[in-house]
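Per-chain numbering from 1; labels A, B, C and D assigned in written order.
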Amino acid sequence: MSPEAPGADNAPLLVLDGVTKSFGAVAALRGVHLALHPGEAHALVGENGAGKSTLVKTLAGAHTPDTGRMALDGRPLELRGPADARAAGIAVIYQEPTLFPDLSVAENIFMGRQPLRGLRRIDTTAMNRDAERLFERLGVRIDPTRPARGLSIADQQLVEIAKALSFDARILVMDEPTAALSGVEVERLFGVARSLCERGAAVLFISHRFDEVFDLCQRITVLRDGAWVSTDRTADLTVDEVVRRMVGRDVSSLYPKQDAPVRGTLLEVSGLSRAGVFSDVSFTVRGGEIVALAGLVGAGRSEVARAVFGVDRYDAGEVRVAGRPLPPGSPRRAIAAGLALVPEDRRQQGLVMELSVERNATLARRRALSRLGLLIGGAERAEAQRWTRRLQVKASRLTAPVGTLSGGNQQKVVLAKWLATEPRILIIDEPTRGIDVGTKAEVHRLLSELANEGLAILMISSELPEVLGMADRVLVMHEGRVVRELSRAEADETSVMLAATGQGATA
Amino acid sequence: MSAHRRGFRFGATGLALAALLLSATACGGTTRENSGNDPGAGNQASGAANPDAQIREGLKIAFLPKQVNNPYFTVSDNGGKTAVTEIKGEFKEVGPSEASASSQVSYINTLSQQGMDVIVTSANDPNAICGALNQAKAAGAKIVTFDSDTKPECRQIFVNQVTAEGIAENQVKLISEQIGGAGEIAILSATANATNQNAWIELMKQQLTKPEYSKIKLVTVAYGNDDDQKSFQETQGLLQSYPNLKGIISPTTVGVAAAARYLSGSQYKGKVKLTGLGTPNQMRQYVKDGTVDAFALWNPADLGYLAAYAGAALAAGQITGAEGEKFTAGKLGEYTVGKDGVVVLGPPTVFDKNNIDKFDF
Amino acid sequence: MAHDSLYAAPSSSSAETERRTGRLTGLRGVLGSWDVAVVVALVVAALLAGVSVESFATGRNVQFLLLDLVPLAMLALPMTLIVITGEIDLSVASTVGLCSTVMGQLWLSSGLSLELICVLVVLLGAVLGAVNGVFVTGFGLPSLAVTIGTLALYRGLSFVVLGDQAVADFPASWTAAAVRDIPGTSIPVAVLPVLLLALVFGVVLHATAAGRALYAMGNNDQAATFAGVSVARTKFWLFVASGAVCGLVGIFWTLRYASARGDNATGLELTVVTAVLLGGVSIFGGRGGLLGVVAGVLLLGVLRNALQLADVDANALTIVTGALLVASVVLPNAVADVRARLHRRRQRANPVAP
Amino acid sequence: MSLTDTGTPHRRTGNPPTGAGRHRRGLTERLLAVRELSLLLALGALILVTTLRNDRFLSGQSVKDLLLGCAILVILAVGQTLVIVTRNVDLSVGSILGLVAFATGSLFLAAPGTPWPVAVLLGVALGAGCGAVNGGLIAVAKVPALVITLGTLYAFRGIDYYWASGRQINAADMPRSFLRLGNQTVLGVPLLFLAAVVVVAVVGYYLRSYRSGRELYAIGSEPAAARLSGIPVGRRVFAVFVANGALAGLAGVLYAARFGTLDAAAGTGLELQVVAAAVVGGVAIFGGSGSAYGAALGAVLLTTIGSSLAVLRIDPFWQQAVVGALILAAIGLDRLLALRMAARLRGRSAHGA
């Protein structure tokens, strides 16, 4: 079934055959096939909820498949736990770094495999030296003896990579490792991956970024709804084709922002500063327009959003909503003033996973819904129904824990929650991160609808196409400052990128 | 105004209301001055006593010690058990696992629920259990306290192990003999409000004013809370704070044992004298290794034994708790009810290396 | 939540979340029926005791039973809310003790009227609770550690206040009032404020926006914050409320036993926590209800009272309490596990990886 | 092409790692050292003040008493460290100690001839058994150890009471050879204290220099990550509780040897002091950091406070209050340091403006 791998002369290193895995009623994997050949970089793509992460966890030994078989070098492979996976030479770099904040960087890398000296004691010196070697190989400088606590996301990711390298794995699984990395680091990571391939290892690369996929991988396997769809040589594929297979249909215009009549200024931020995070940020957003806040990861965009919304405090500056100053440090007041913030991290900030769809959808409106301070059932139910319908949330029932929904539907619930507050200003941070292509389109359509209805929308996004497609104006942040404001006409890849990287900034 | 703030408003109002409910139980300001302390239902001499009334068989007599895990009470309760078997009654011992008044109350309630004829108890708090005892009395039970008393109106008979005077005299005499009639001494007591301890200490101070003890100086009273380790530490503290200390009186079984153990393991062994109230089993080795010359105690078994008989006598109507009434307590012979319904077991026994092996409790 | 941050792995790892949501959905299945189960257990226990234990089902005994339960019930109410937000307050018993001794000391030395003293004591309780609140919300410390600290501190102070003297000469009119019955019944008057409080807390928890917020922050305080819940302030006020209730209990305790002592209510916190967990509140926070807790309190009371009447050794009672606590936390999870395992077995699977 | 392209070709993080961990101790370890040092200072100050008030506080006898007094608490605190480091807690140690102590006594009662090493072994075994119960329940229930051990605290104590049912075991019932363990000194140092020192040294060294030891920190620091990196979390936690139980058992035997008089109440309420000692000793209640040495120092500090209160003739009732205040102070301080540390480290990490 699967076509010739590069040098298919060699037998596959790892084979998954008809692997299924389900949690409770939900089938995450249904009969997945996968063959990794020595020396190949193999991409695994699919919408969220397509089962990629489950597959990764299965390879990592964190999940044991319900049915199906795995084979390493033709010999059947059974993983009873992560330890077994390691022993089998499978290294995994997870989406979210999984470090031990209290332990030193070096220990994080070598936990459980620390170099030993006499009496099976740990040889700290050797351990730190080895860690340094690894970092040199990655071309970064991190003090191996410092605690992992306080490392930036990117640095944490690098430590993860170093960990994966440290036992030179025969199979390297990378689950969206590049999310937080700078281009240079991505390049270096790919360099390492390639050198591993040259040494006969196999790399399984999971990413939503097609540019990287096509750059690194020789073959692409597509999953949809936990089932295997196809495996082809990268050369034989186009981005559109891959997307079509992922979604299972043609995705019409991804970015349908129509021009809406621009109304008066709703959000006015002036001289906003927070020591060490962002300084002197000023901008306005008018009703009916979408303003994009662009910039590198860590440029301070989300931080500005959080400060405006009152989750974080700020040292100086002022936020005005429709001309009226908004008291700092109180999300409740912000909501009352008509602000809404769809946060970056759905699991941690957007939703209460264990609570029902209904409760989540009405959480931000619970006060408005209560009569004489009392909340008697019906009101919430009605409200929840209204918005989940409008956003076409696919949930078995409103009382189901929101954690059981797919990523896309979860994001919709978050949106429902905030739209329910009937905001005048919507701040939306990474509106489509980790959302399948299908829902992406829906979200974008919704955003421009809302703009049409006269909402002022501030959109933070790391996806350049999204920014260029959706925004009426683009504010570019670099190291905590707004360095450039670009009209829709001015904004293009180069202009934004230059500003974002601090080159040729400040027009 | 946010709703959950409002929520807490609700909470606050609720609390306030409840507070009112509680305080509204008395009208106008109740202060210490104007609240004339009305004594609870006095019980003295309810009906006349009939000295030759028979003790009927099958009397239900319950022992409720301060706590069931205290060896001292185990011994005395067993004494009680002997007595109850002699009079062919039903014996029962119940009690809390920790010496707290509140749990004693719920046991008293339970006992009166079970329709006991006699409740023999040792009070963790002179007042806390009064209410319950009075209820039990009203329900027809006779109340005898032993070892430590409640307010007199809450019980019919208090069986006192020994008169306070007796203890004080005995203790001071012992220590004075041991330190040769002169020098600094300290007292290691149990807890600062153990009903009897304070009375004893007071009387010891009076004793010390006598001419023959003029050369003895009481430097301090330390409290070991009837806790072994605390008493141990307090003894350390005493010896460090008072270099010239010649002797320690510890009129509590826990304290004296702890002090003895500390001395026997320290440089002060034999140099600093120790006496007090202790059980032979605890003190035996220290008497033998010379840490302690002599100490005293009443026989807790006899105490329980006597209490049981007193209770039986009450139930039979031989006595009512009025002063001057007489009753016979099996092997211990005849006893007379004193003032406030107090019955005294008798003078303490002094133990030294000659007689200690004759006792086992 | 404190125990989350302390004991359960943070949900940041998707693996962990999957495991937890998986477990919790399983748990919900159990807990949904849990408080029902407790109510049933209560009824059964009461009936059994009624028939098998002589003089259990008598007016007087009911009175004793309820009187003994008043403090426990009162303390369990705020504790429920606190545990639901994922915190815990182990200092309640010590707070009661301190309030009691202070009440005694005031009555003894200050010429204040008892009414005024009562108000002051409730305020004191609120302040002591506020101290917990500040440490937990202000400094962001785990409530477990903080309240273990204040457990020791407040108990220590209560001995400092009164040594181990006891103040006992409270006016008989008051002490009698504490144990008086509602005319014509064998139900103590003291039950009324408890019912009132129960009503208030029940409404707040189940029928107000505040209640929703409590559940939300118990499950994920960050998300709650983003939804406009001021987590810190809410928790702070919960601790204050808890303290104030402790004040009330302190007053009741002092009057009922007509004695203010440093050791009053020692060790009661265990019984309170037991009752709350027995009532089906998840120690992880975010789950449970007041009905279950009330049932739990009563169940505990009935069991102890019946066992006492049946002359079961006090030490056995201690074991029972401990065992009940353990059981009430082990059972739900064990059941959930079994269910999950059966489910998996149904689809011929080997047990899940850690 | 995504929008995360930074011009900086080389990220510098932290000081250049030249010679890192070779000549100087690593940053992570230095943080601990600081804490232990400050404890020593506090201890010194306390002793100084007390001695100024009463010079006999430093007399050989009272120093001996001090060492004797802290030995048992030290052992318990070290055991507790093992547990807390894994983000758990064991409140049942006091009861385990009591149970074992009484068991030891009854052993000698039943078989007076028993040589003391056997008694010690049996005691440790019994303790380990109790620990296994805790560990097992926690493994099954997957709920905070706090709750489980709060329950077993009462269960074990209840069993102890039930068994003793008011009996008391006196020094006379135990062989002199055994009792001598309690008071005997080697070169003026109490045997008990030496035992404690050995325990501290062994556990401390194990925690620092052995893989499984480090894994305990990993578990406490980030359980999820620990699972993903193949650490047998369940097994380790179970083992930790068994170990702690065993140490509590040892402490119980030593308690019997030292105090001679045993009733069922031995060691009641001790758990508070133990947790306090560990926390004061810098073992983070959040798990993941702290050392056995620190915990031991914490225990010594607490005991010293106890005896200096007695020496300074301060109302003993203050002692418990002081313990509580210390717990609060300690965790408050840790929090403060942690925050400042985090801030500093974030500074070192070049990301986020």
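Note that a contact is a pair of C-beta atoms (placed from the backbone, for glycine too) under 8 Å apart; a residue touches a chain by one contact, two chains touch by 3 or more.
These figures come from a predicted structure and were not determined experimentally.
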Seminar exercise, completed: At the largest C-alpha centroid distance from subunit C we find chain A
Problem set entry | Chain pair, A-C or B-D, that carries the greater number of C-beta contacts | A-C
Exercise. Once you find the CA centre of subunit A and the CA centre of subunit C, what distance in Å lies between them?
Worked result: 41
Problem set entry | Chain centre separation (subunit B, subunit D; CA means) in Å | 38
Problem set entry | Centroid distance [mean C-alpha coordinates] between subunit D and subunit C, Å | 29
Seminar exercise, completed: Taking each chain's mean CA coordinate, subunit A and subunit D are separated, in whole Å, by 42
Problem set entry | Per-residue overlap in subunit A, given as positions that touch at least 2 other chains | 61-62, 81-82, 94, 98, 332, 366-367, 370, 373
Exercise. Do you know which subunit C residues sit against two or more other chains?
Worked result: 12-13, 15, 163-164, 203, 208-209, 211, 213, 229, 313-315, 317-318, 354
Exercise. Which subunit D residues sit where two or more other chains touch them?
Worked result: 158, 161, 165, 222, 224-225, 227-228, 232
Exercise. What residues of subunit A sit close enough to touch subunit D in their complex?
Worked result: 60-62, 81-86, 92, 94, 98-104, 106-107, 111-112, 114, 116, 120-122, 124-125, 127-129, 132, 135, 139-147, 149-155, 180-185, 209, 211, 276-278, 294-300, 303, 461-464, 467, 479-480, 493, 496-497, 500-503
For this session: Spell out the residues on subunit B that touch subunit D in their complex, using ranges where they run on.
Result: 68-71, 73-74, 97, 220, 223, 225, 228-230, 232-234, 236-237, 239-241, 243, 257-258, 261, 265-268, 281-282, 284-285
For this session: Name, in rising order, each residue of subunit D that touches subunit A in their complex.
Result: 1-17, 20-22, 25-29, 31, 209-211, 214-215, 217-218, 220-222, 224-232, 284, 288-289, 341-342, 344-353
For this session: Can you check the complex and tell me which residues of subunit D touch subunit B?
Result: 54, 56-57, 59, 61-62, 65, 69, 158, 161, 164-168, 170-172, 182-183, 259-261, 263-266, 306-307, 310-311, 313, 316
Problem set entry | Partner subunit C, residues of subunit B touching it in the complex | 2-8, 10-15, 17-19, 21-23, 25-26, 29-33, 35, 37-38, 40, 68-69, 92, 94-98, 100-103, 105-107, 109-110, 113-115, 125-131, 191-193, 225
